[in-house]
């Protein structure tokens, strides 16, 4: 890092003065935790006994055969407790919160995955918990809201702005500036002001540590390429870290191409040319914004990739040429999802399916003695409403209609 | 107020004749530039001493619901940064009190920090408040402000320690904006013992005038600040007033504050 | 076993002659697989690389503190791929099907969990797959049907009888007697004709093997008691096997008490006195049946426990006094579920929550230096419709109603 | 048919005068005992040689949709095992052809196997078909049948090998029920080369008469069995007929089969 909290030209900590001290203390706590020889082993132990780390590296034999190129391995973050890599970061931050003696956590959530993970962590550690979620996402991801509430969290629908992830982040900051004495803000990805990107990256590197060990053990050598979807960038940075020093390993980030880069309805910051440098939500990165610096609306079939900014760590690696970026369209994602489900009996999250798209496009070009790893950041069954919608599944629709009528009848009877 | 000296000197000058100054705030283009004009005229007519003109930004992280909504509606109605700068120039030409720009850093950053500040200077604006730009991140901004004799208003918070206040004060000019409490703009503040200690700490940290903002919305609040602060900042209260009672209500409201 | 396929007086193979040869061959294949020194390691490897075995043994610190008795450990079968212990059995049978050279699998399913697991296995192994599911269960468990279909399986709603699990089993047998040359019937639990109980128990013993190793490593000695819910009995037999020889370890099976044993609306075979010996679905066990031997309707909030019969292995262990049985009512289950979610951030399946009920009732009586294990057979997020119904969650109802209307509007527009 | 000798002897006796015998089937209590009576009378009048009376069971694993539905509806209408046994006794007293009981093992097991068989004998029923009771599981049943001179009809299937057929034949009496094909009752069977080989294998395995069932529903099917089997079994076809056209249709249907 050239300057504290910077990755090349990116990152920093653009925070209101009221949070200066909070960030200072957080930075100190994080440095102390990193220096504490017991901390990382405790984290690994927690992830092993509460979640199911190490998560497997699955050989996708059928997909490999189909594409006839390199062997395809899938890193199974979907098998984590709560169903995604988000658990790694959240449980790590939970240990840090405990260390700092705080009693309440807040978080933003888009897809709901980070919200569920945070609410879960809060239940386990006995923290109070409030989750900010764009009103539109609350509508789209009701099952996750249900579980957060059952886990004891208060879910606050955010009605401002585009009523999605970025507005939930703003709202979480607004809560934090009021309550930072007792409250920790559990940032969900490798974005936001320093030390968040560094901290989240540190916890998520458990993915890369494991994957490196696993591929060497199974395949006998390093993989040719690694594919990861990029929303904020935490799962990508997590797995990439295991291979950054191995220059022979190509690292590929895949963003949300939405309805196509030309359509404007996407969330591609580094693939394509719609993004520009900016400072918002406390950090400097490439944002999807207009000429004035107002943030744009983004679109993706995957709520977890539907975000204006991207990790400063990744922007730096992209500028260095170490990580390359591409985008997968919604349609490509649905096709890759379908193929993966049928071929391997594995249901990637819509977010993760983006990584599969790019891998499928390219794996055939590699020789069979090579291997690639796709990071499956989460499981797709959380996305049933979105996936069933996208497939326009008629019996699902009928089921929901009947269920809706049943509830309507119930409500009528109660009011009689 | 004569506009010949530095902002802080101007403020100290006025303070000689007034026990407390009033600084008000509005969001440019909300609900419209026309109404901004009416509101500013009334503010000036009722003796407001400084006005903060907020250029709307899509992610106003330090603002509460009232100002947040004003920011978003202005942007949704198509308000552009260029228009805001022109409007600020028009107001500065028309009114004889110091005007400040308030916005978030990305607005400057996208415009080009130097260009933005030069334009600001040219428009006869006296200083800026950028709540998401701590001095550590604001090297270029602070240097250009110094060069252009613009006041880069620094912010103290109840959580700022002694050393931190000293650092901030060293970078500041014009006055120090003391955030009265934790939280965002727009909700009430209780001016209790803790607050008095805090203001004492602020005083000790700087010779610059002190403005106190966040949650000041009536005469009682302003009275409590007399003898403690130099400037009382009225933020969300006027926006709320204009929303609810229209721009005509602003004059009487200001008149009743002091 | 006193006689082939018998556990004491229970078990056997009451199969139509047309299947005699199929069962003979299956028995031989199973014996050969057991004798093959490579088979079990291959199975363990598959479960490690495709699912996330060994599943963790999680210390439930908050629950332990709350009840103030023995330490509570939770065996996390919910973290398996597809979300339940059913995967163990299914993947094991998949290997066996491969060995036998068959190309198609069929299965019954109640909750849908075994159906999803089987469809998943079929996708991975490249088998054709048909799942039989009671029409009522198809209605109740539409999300699972959706995933089975996406996995490439044909789901056949069974409209006969009580239109639930037992009828799905009958229907699967009817398919099998027509197609046994190419088809294997993947029985979902430790029931049915010999060698199914033995085979499913063998694959599920991976739970007990792991749990024994884990509790000794973590707790330093054997647990005082083990609790498992009992539908057919596979998760219970799976974990109990690790401790059968340890007479100091009490083994407790928990059945579905439904609306109370006195109400008749339950599925308690061994707790309570409503069941009697019988022979149906190919084996001899304790059934919920009337005096004539006609099977009764059963009830449970947990579809996976809602079954007339129970494993002959468990009936034998119950007669021997080695396993004791109790029942948990629907209401107790919802309360235990809620408490577990809030206290530990863990969402047990409704089935699994039955085991938690009994553990919570008793754990306070044990001293703190003892430990108990609760087998969490599956995760509860599959049950969102049932759980949200049971909690009468108003915002969930509203969400479904809106979604239903949205679909209805869509349908109207299409037909315009 | 005189009812003096063993069932197999009786059958062989009749076979001398008929190229092929007919065995029909019905589910007791479906759609009602009254209609069962009408149907049985017509069957006997039209020269049916043996009738299989199925006691309904809630889990009829070897039966296809038609018989399955009949089983469930009978139970849902309250049909009890005791009623079925009484009805069988009434029919045996009234009609001079061999009657058999067909049901699943649980019905006997719950009743008490010995008691059930003694009652069966007392009711003048000649034998039983229990499709889910292989000889390995039927020790008590087979012994009691032997003791009571009831025929425990054994079943051959196309999947039964030579040794297996020998075992089954050794336990059997009356005749062997040869399941014509894979699958459950009620769907058509193609009587092709494979079928001929199968029947040849059956013949070689036993001296007992051979009945062929599963999928026989018209004269053509029956004709194809002439010279190969001793008894053609009409199962689901009559139930379907009664469902669709009422009990009166049974007589003409039977008359047209041979």
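For reference, chains read A, B, C and D in written order, and residue numbers begin at 1 within each chain.
What we mean here is this: a contact is a pair of C-beta atoms (placed from the backbone, for glycine too) under 8 Å apart; a residue touches a chain by one contact, two chains touch by 3 or more.
Model, not experiment: these values are computed from the prediction.
S.K.: Just curious, how far off is chain D from chain C if you go by their C-alpha centres, in Å?
M.R.: From the centre of chain C to the centre of chain D is 38 Å.
S.K.: In whole angstrom, what separates the CA-based centres of chain A and chain C?
M.R.: Chain centres of chain A and chain C, defined by C-alpha means, are spaced 32 Å apart.
S.K.: Indicate the whole-number Å distance between the mean C-alpha point of chain B and the mean C-alpha point of chain D.
M.R.: 98
S.K.: Nearest whole angstrom, what separates the Cα centre of chain A from the Cα centre of chain D?
M.R.: 65
S.K.: Could you list which residues of chain C touch at least two other chains?
M.R.: Answer for chain C, listing residues that touch two or more other chains: there are none.
S.K.: Two-or-more-chain contact residues of chain B, please, as numbers and ranges.
M.R.: none
S.K.: What pattern do the touching chains form: line, ring, star, complete or other?
M.R.: line
S.K.: How do the chains pair up in terms of touching? List each pair.
M.R.: Per the contact definition above, the touching pairs are A-B, A-C, C-D.
S.K.: Which bits of chain C are touching chain D when the two form their complex?
M.R.: 4, 12-22, 160-161, 166, 170, 173-174, 177-181, 276-282, 287, 289, 291-295
S.K.: Using the touch rule from the top, collect the residues of chain D that touch chain C in their complex.
M.R.: Listed in rising order, the residues of chain D that touch chain C are 57-62, 64-65, 68-69, 72, 75, 80-82, 104-107, 109-111, 131-134, 136-137, 154-161, 164, 168, 179, 182-184.
S.K.: Using the touch rule from the top, collect the residues of chain C that touch chain A in their complex.
M.R.: Going by the criterion above, the answer is residues 48-52, 55-59, 62, 76, 79, 81, 83, 119-124, 126, 139, 142-143, 145-147, 149-152, 338, 341-347, 381-382, 384-385, 387-388, 391, 393, 395-405, 407-408, 410-411.
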